[in-house]
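Letters A, B, C and D mark the chains in the order given here, with residues in each chain numbered from 1 onward.
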Amino acid sequence: MSEVDLCGVTLRGPILNGSGTFDAIAARRVFGDALLERFPFDCFVSKTITLQPREGNPPPRLWETASGLVNSIGLPNKGLARFLELDLPSLAELPVPLCVSVMGFSHEELAALVEAVGAFDEVSLVELNLSCPNVETGTLVGADPDETAAALRAARASTDKPLIAKLTPSAADPAGVAAAAQGAGADAVSLINTLKGMPLHPGTHQPWLGARTGGLSGPAVRLVAVEQVASVAARVAIPVIGMGGVACGRDAADLLAAGATAVAVGTESFRDPAAGRRIGDELAAFQSACKAT
Amino acid sequence: MSVATEPRTLAPPERRIAEVKGVERVGAYDLIVARDPIGPADPRPGQFYMLAAGERWGGGDRERPYLPRAFSFARARPLPGGQGVDLSFLLEDVGPGTHRLGELAAGEPLALLGPLGVGFTRPRQDQRALLVGGGIGVAPILCWDDELRADAVEAPVLLGFRSARHAEAAALFAGSPDVSTDDGSTGRRALVTEPLRAELERDPRAIVYACGPEPMLDAVRELCSALGVPAQLALEAGMACGYGACFGCVVATADGYARVCVDGPVFAAEALA
Amino acid sequence: MSEVDLCGVTLRGPILNGSGTFDAIAARRVFGDALLERFPFDCFVSKTITLQPREGNPPPRLWETASGLVNSIGLPNKGLARFLELDLPSLAELPVPLCVSVMGFSHEELAALVEAVGAFDEVSLVELNLSCPNVETGTLVGADPDETAAALRAARASTDKPLIAKLTPSAADPAGVAAAAQGAGADAVSLINTLKGMPLHPGTHQPWLGARTGGLSGPAVRLVAVEQVASVAARVAIPVIGMGGVACGRDAADLLAAGATAVAVGTESFRDPAAGRRIGDELAAFQSACKAT
Amino acid sequence: MSVATEPRTLAPPERRIAEVKGVERVGAYDLIVARDPIGPADPRPGQFYMLAAGERWGGGDRERPYLPRAFSFARARPLPGGQGVDLSFLLEDVGPGTHRLGELAAGEPLALLGPLGVGFTRPRQDQRALLVGGGIGVAPILCWDDELRADAVEAPVLLGFRSARHAEAAALFAGSPDVSTDDGSTGRRALVTEPLRAELERDPRAIVYACGPEPMLDAVRELCSALGVPAQLALEAGMACGYGACFGCVVATADGYARVCVDGPVFAAEALA
């Protein structure tokens, strides 16, 4: 597998996990040190951390759909302080660089989060999850170029660490939002986050999820991701981290061909914790085969 | 991050392929036996595996299944010379995943991850173990009973089923478990909590191990807390990953939501909210 | 099956076809008069007609993906004049009310189209396909509330026939667009149209489709549709025609429970030309079962 | 809207379930025989059916297949007393759909729509029919040969294959067709256009009926137009519906795009752009 430079951080390969789709601490409890010996990703992205602790949404939180999953997890997390105290030391033991994903519900929160996590040497990259509602308008910050730029400026002023803007696919013009993020100091963009979806109870036809609506991921959204990655990569100069429904090496190759520098695996890891490694291997075999010819 | 004390056998960190040795109808259920060449031979009773058909997992009702499905192992028979382990799973066909798995034939591949979660903890010397299983929930009770027997721990087994057809699963047990059915078509016409109450009133210095449908577990919980008897409940929850990655399988506990797949599936009744 | 009132038009049941997913004239060539005796829909929606004839996009136009289809058909059609001359008489022979779908690349075109088709008694409803690029900005008219309202006003002034606004799912706020359409005179809204997607050639990783990108449909998008139908229905008073991945009676029931008045079947008809009828029957059985209990 | 003249047998307007009678390997191909209880017993050679496995259509490579697949019928044997028709399909496993269909077993359901499209038109009295099939493209040539034989129309059959393994399909023909292979492992080492050229130079008062891979059809087209010989080509195109609904299967013709599924799959070579 050939190394990848992501915003000055050297990765042993191009495969990351999608934020919130792999808990390395829980996985180590389940798989022991074998997890570290055969760690599936080339860079580990934490679940999104918020300033205050969050319980997350009431269950049920999962719905399986055609070739995909709808989730309404709701960003449960310990909150910044306890994340830094309890989780960061364990995550620092991982054999790959660490990216911490954060979400702020205001620019002040965002600045505080970015400054705090960016201060740790163990943290190589910081990802901003922009799929958060604007507290006034209720619309997603990441759906609007101006709000996205404003959020990036707040974060940019608070750290020198590479900043990744995680875009929402619900924007009318994702490439425009990506360009705004780049203009406001983002070092990279990542996409796609989940598509908004609403499963109903098969019997009552009332919303199944405790939070009523959730996010769709998995192969069902893969070609939406390829299209958005291609249009974003064509518009910005900074690296693009592509994700959405990647389940095999060819899917990863599709995103790289669409202009991505690295690829993240999310839902497929739920089917196999080693999916990231398998996909990386398939991709490498595939790439050397192409070089050969 | 060490949790040395929890009754958990670690799993290899990847999904692997087991070979189906046979699928047998046991009354209303399917008993799948699969040979796991790599995994540990000593999963803890109460632990579970994520299963998927090795081929054509999908294309069923509403284009499902897509994700693997969680199943307690019902039996684990180590093969001589560390040649792996034969795992038994007891399935009830309730949807596209269990339906597809029930269609597997000997020789076909079964994709598997596990063992996962934490199992039952052993009774203290001064505690009499009482095993309670309802419907498909008898699966983990079966291997727990096997283990306690092997260690000569006397433990009455109380089982409840919908009907005689479902109760055929009782024949899988080594001893002669007490059987209740909702319709009285075999054994006692009662909910399994009735014989349990009798046992506990006879001698409350016990610990109850239970697995079954939610209403049954609620009744067991209520009964045990009323009598001050500790209970360990093996819960179910909709799961995507089975190893703590998705945060989807939560249950409310005294200190917030817990993930059934990593903090359970076995919980102390007292710990639940 | 119980009758449905759609903008004053009485339908024998709630099942329509999605525009562009059933060619009744070709189907009659293939199935003969049996098609009319067992016609699968309760209202027939024509393929989108434009003022000028269109050849459509170069092949390949189809890509099968996980639980779905990506198409880049490109609205091939005879153009208004020859549609009225050659196709309308045949469509008038169908045993169900007729809705004609039109797309105008300017307000003048739109007005001309709506006025022309609306003048025919055979035409009971007119659907405006708003998934058309704004010639100046390149963005979709249907993604913007103001542009949508302007298009509706142009159409409204040109006919008294019920107007259905066919929304695009690529809007940041579909409910806002729907409200704008209602405010400008739409009698109903229909959604969802296809999601933008881009399949790549498995070997070359270049765009597979002759038009590079296409639209994703089928079960893969169903829960995105349920969510958008629910949010739109919660916002507008006019009837909502729900579609997107409907493959069985329960899927149709989901959309009705989400607030739709009628349901359209698209891609599922490609798997079975009788899908619309089967889905209507399943829905009816389902509904009477619910009433019974 | 009448098109009485085209060689088309109408299809029932719904997908129906046929019963698989058997699946046989014929060299590199699978021969599926299925009993269609409802459909017409007289599909026209060149017409095709949309097929899908009745169960578990999906969950293959990249979660496919999802849509049905198009297949020319290779043979149609009416059952006595209008009991339906046994349809034969010759398949090459090139992806998830053909792979799944090849896995079908006798007794399993096959979902089917058809017959679809327009078939071959009969030769005029003064035209000698020449049948040319390449690879899996022999399927429609097989039933066309059957029909012409039944009517005692003498028609040489020229077949081209990759290798001897593929050429085993030639044994399905009633007569003894002329066989060429790319690697010479059986029959003549040549492209099928070589014997065709010889036949046409011997006697150009012919009409050519051809089905096969695109390069072969292009060569046949070129050859025929050079010699002024009419040809009917059975084309392939990626399809979603097979009955004109999706406009996805277009080919460029002299007057714009045409849908292979309703305007074809058989086209006069001269009509193509």
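List of remarks:
In this text, a residue touches a chain if its C-beta (ideal position, glycine included) is under 8 Å from a C-beta of that chain, and two chains touch if they have at least 3 such contacts.
All values reported here derive from a predicted model rather than from experimental measurement.
More inter-chain C-beta contacts link the pair C-D than the other of B-C and C-D. Computed centre separation for the pair subunit C/subunit D is 34 angstrom, with centres defined by C-alpha atoms.
Averaged C-alpha coordinates give centres for subunit A and subunit D that are 48 Å from one another. In subunit C, the residues that reach two or more other chains under the touch definition are 65-68, 218-219, 250. Counting only residues that touch two or more partner chains, subunit B has 58, 62-63, 66. Judged by the touch criterion defined above, the protein chains are all mutually in contact, each touching every other. Considering their complex, residues 1, 3, 8, 10-15, 52, 58, 62-68, 111, 113, 116, 237-241, 243-251, 256-257, 259, 262 of subunit B touch subunit A. Partner subunit B is touched in their complex by these residues of subunit C: 67, 219, 247-248, 250-251.
The part of subunit B that touches subunit C in the complex is made up of residues 62-63. Taken together, the subunit C residues at the contact with subunit D in this complex read 20-23, 25-32, 34-35, 38, 40, 47, 55-56, 59-62, 64-69, 71, 73, 76, 90, 218-219, 267, 269-274, 277-278.
Remark: subunit D residues 55-60, 63, 66, 100 touch subunit B in the complex.
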